[in-house]
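The first chain written gets the first letter, and so on, giving A, B, C and D; residue counts start at 1 in each chain.
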Amino acid sequence: MVAVKDADFSKVDAVFCCLPHGTTQEIIASLPSSLKVVDLSADFRLRDVKEYEEWYNRPHGAVGLQKEAIYGLTELHREAVATARLVANPGCYPTSVQLPLVPLLEAKLISTEGIIIDAKSGVSGAGRSAKESNLYTEISEGMNAYGIAKHRHVPEIEQELSAASSCAVKVSFTPHLIPMSRGMQSTIYVQILQGVSVDDLHEHLSKRFQDEEFVIVLPKGVIPHTRNVRGSNYCHLNVFEDRITGRAIIISVIDNLVKGASGQAVQNMNLMMNYDESTGLLQQPMFP
Amino acid sequence: MVAVKDADFSKVDAVFCCLPHGTTQEIIASLPSSLKVVDLSADFRLRDVKEYEEWYNRPHGAVGLQKEAIYGLTELHREAVATARLVANPGCYPTSVQLPLVPLLEAKLISTEGIIIDAKSGVSGAGRSAKESNLYTEISEGMNAYGIAKHRHVPEIEQELSAASSCAVKVSFTPHLIPMSRGMQSTIYVQILQGVSVDDLHEHLSKRFQDEEFVIVLPKGVIPHTRNVRGSNYCHLNVFEDRITGRAIIISVIDNLVKGASGQAVQNMNLMMNYDESTGLLQQPMFP
Amino acid sequence: MVAVKDADFSKVDAVFCCLPHGTTQEIIASLPSSLKVVDLSADFRLRDVKEYEEWYNRPHGAVGLQKEAIYGLTELHREAVATARLVANPGCYPTSVQLPLVPLLEAKLISTEGIIIDAKSGVSGAGRSAKESNLYTEISEGMNAYGIAKHRHVPEIEQELSAASSCAVKVSFTPHLIPMSRGMQSTIYVQILQGVSVDDLHEHLSKRFQDEEFVIVLPKGVIPHTRNVRGSNYCHLNVFEDRITGRAIIISVIDNLVKGASGQAVQNMNLMMNYDESTGLLQQPMFP
Amino acid sequence: MVAVKDADFSKVDAVFCCLPHGTTQEIIASLPSSLKVVDLSADFRLRDVKEYEEWYNRPHGAVGLQKEAIYGLTELHREAVATARLVANPGCYPTSVQLPLVPLLEAKLISTEGIIIDAKSGVSGAGRSAKESNLYTEISEGMNAYGIAKHRHVPEIEQELSAASSCAVKVSFTPHLIPMSRGMQSTIYVQILQGVSVDDLHEHLSKRFQDEEFVIVLPKGVIPHTRNVRGSNYCHLNVFEDRITGRAIIISVIDNLVKGASGQAVQNMNLMMNYDESTGLLQQPMFP
């Protein structure tokens, strides 16, 4: 890689920044301000600098830039992304969670209280660094929860759900490590507001995403499977009636490496550069 | 296999009945009443015959015997099992759920309302029959929920939690199929009652199971992993503080084929026959 | 599927025939002779009708058509495929084996005697039918040989190697089932002819395939991995020096479902229809 | 771990030495000579010190002790092990290869020339160190050969096959990494000597191992599966007729962590200490 400081950006319109969390604030601050940037790290996702410093345990390195950063969950912030200079590409868990919850909270169909997110991820979510805990022999044929109640995607989720509902939302979020390379599922337990039915939730989400290329609300009763989005930029969603009256179960699946990371980054860049939004993203899911 | 009708039971003290759900009521009814029986099917688990007929969609074939059947979750019903003639061996999900919840409900430490169980199982839970949905190519590298809000283990769980709390408990129960052969985890979200702390829950469970061979409450903060009980009769448990005040997250892992099935059946038989309870069950977990 | 007998083929130029072995001879014989056909079954792969009947244990149902069938290993028979009316698409193992061996035998660089093929395949090679032997719980975390010395791909391999070397070649062929959905490797042990070196083999294969889109001879010393061709139409090849003087080890990897089946069928159809040969086949390998 | 230099061995009869290759020569040399030792590293496996230094690329640190070391493939060297002071526990591949080949070479039933060993191993064979190449995402759903013609188990195999046949044997040995945690298979291609049949090989091996607890020659035609020895100290063997006249295919499976490592070490220690040879080793294979 060419060192950033020596790079000639004079003929470059836009860059992806795929560097580790905690390193991109300084780097992006040093780039020409004419350059459009999609940052795949967590460095610009949290609008509140104090919250950033608390969860990431380090000072923020580009406080001035933070205000400019647009949170790039494409389907929820398309207009802002299209004109953005700097996009903070969302985390994988937050993408899978916000796609169903933000529209339901905005429409005041579900309660802001008692939202429980039981999330499951393939191992590539942990990156490619050589740690004992990610060895084949540790992962294969077993599973476990991790980061219970303190995963760094929590403040990102709460920031966006709070914005959608105009009140401070706190969620229960428990991620699990599943023996598969790719794939992510969020199983979300919510309380429906008085007078609202599960069918209403399904109808609302269906309408909200009816013109979207990459977010598919499945027909009633059809259960999303991670294998049906593997290797693709799709999110599959559905809503189910719970046994406990007044509760619903929402299931959302994505490929954590595509819609949950690089695919959504490309989607954002397409918007920022005024390309067709699906350019380079029409690779179909691979099964088996 | 010797046909049951032709078998000579004169020199037999006890039998395991490992036949499909829906076939053991008639068979066990035809056995000599002196014979001790552990039934691994679901045929005698539900005390309410009507509920059985509703969930299993068939008439009960041995209503008289049903009253005699003892629900065999060993650690919770040891005395009754020891003197039982007929034991209904519990389902795998119900075993993993009841071990932490029954003591907490009995002690009135958690609410009977809003209990949410997000359960995950390896593929052997679906048995060995040749179905497309259980092929390697369908299961590997993907996951999905199934039987949402209508899995047949729900009435079994609700029956026992209701008995423990002396009121009608309804639970949210969502099982998931995980790409592994063995292993089961229940992630359980509960509301703590006023004045009770997560430490209180941990202490209560630790005391309740301190003399048990097979139920291990892990030290505070240690996350149970299914791989640590693989191939063994152990259940590993722990309780965690949630972000939302007043809520706790309970994690319980077992090997669905051992403590969740045949291991617990052997444990019950050992009790019924007055053998040492751990006879034949000391195989250690296999890792990797 | 529209029944073949009722189908209107008047506006169709070509068809893929993806039906089970033993059913396509009659069907293809009943099609209009103007229609171009790529048959993915084994029905037309063996030129010798008697050999077909012996290995497949049934009479040949379209002896007349057999003469017309072109064996469609694209890189080895491109001209014949381009003008063919009926193409017999090769088996997966034979594809991985012939790509390196046919050029070396044609150039008389290796011995026709003592060729040993130790082959490994992912489970999708066994199809999607619901058999106990293909269940996740049977396959995961274990492996085994099968069809030792009597796999039906043997006569197909020997037919083509014999044609390439103008003498009757017999091979040792042992396939193994590996716990993975896709991917195939043939590890091939050969004797080099007098005066020939392993470098000569590498150079010959490199030249032979230098203009090919889908067959890549790796640089000296680089070991092919099935994961590097997963989901793609590529074949990766290399040749290695053995410890025993005068012997070489050839490794060839493909995705059994793409270059080993449907991908090669598309490649053949592209040629027959005068489309660009790589149309629809440029999907890149998926990793992880 | 207590540092070796400070340890009090006065009440110890025997030790296992489970330290990395290249570290045990010095350590064992420093132990009291009354202590019985089973060394699981490769440090004492090669009788020829020069060969050790060439393959392991370091000077031998205990040349004097080397002469004393007994190569501990239990079934083949039981008497020497029983009276040994220092046992060099064999490698996993060499164990799977020698169990069938040594008796056949000793009985002069197969040729010493052209022995081809295509070996497959689960990932635990690579140990538990945190290397990128052993991550779940690198290993799952793919396979590859490695160490072609230069794996360090080659000199160990050749040393023992040469001793068994009283002539210098060279083998072709190609190991492969398979996506499974445990399990090892050697598929071995041999030439049968004139006048000998495959049935003779099967009969000879069956007789040779008929009284062995842990080496099972399967009935004719039954293919060994690694899953049938998983977690156990068993080796399953069989011999098959090849298509090429005069050749046979031998398949040998073990669990690389048990019979291929610690299980065989315990078996050797049992012999050295005059315990029952199967003490601690009767854990049955785990399936699934």
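The criterion applied here is as follows: a contact is a pair of C-beta atoms (placed from the backbone, for glycine too) under 8 Å apart; a residue touches a chain by one contact, two chains touch by 3 or more.
Small disclaimer: the values here were computed from a predicted structure and weren't measured.
Visitor: When you check each chain against chain B and chain C, which touch both of them?
Guide: A, D
Visitor: Look at the interfaces A-C and A-B and say which one is made up of more C-beta pairs in contact.
Guide: Ranking A-C and A-B by C-beta contacts puts A-B first.
Visitor: Which chain's centre, taken as the mean of its Cα atoms, is farthest from the centre of chain D?
Guide: A
Visitor: Measuring from the mean C-alpha position of chain A to the mean C-alpha position of chain D, what distance in angstrom results?
Guide: Each chain reduced to its C-alpha mean, chain A and chain D end up 49 Å apart.
Visitor: On a C-alpha centroid basis, what's the spacing between chain A and chain C, in Å?
Guide: Centre-to-centre distance between chain A and chain C: 42 Å.
Visitor: How many angstrom lie between the centres of chain A and chain B, each centre taken as the mean Cα position?
Guide: Here the centre of chain B sits 36 Å away from the centre of chain A.
Visitor: Two or more other chains in contact with one residue: find those residues in chain D.
Guide: 124, 137-138, 140-141, 179-182, 288
Visitor: Quick check on the complex: what are the chain C residues that touch chain D?
Guide: Its residues touching chain D are 114, 116, 118, 120, 122, 137-138, 140-146, 148-149, 154, 170-174, 176, 178-183, 185, 187, 189, 223-227, 230, 240-244, 247, 249, 251, 288.
Visitor: So in the complex, the part of chain A that touches chain D is made up of which residues?
Guide: Touching chain D: residues 123-124, 128-132, 134-141, 179-181 of chain A.
Visitor: Any idea which chain C residues touch chain A in the complex?
Guide: 124, 140-141, 181-182, 231, 283, 286, 288
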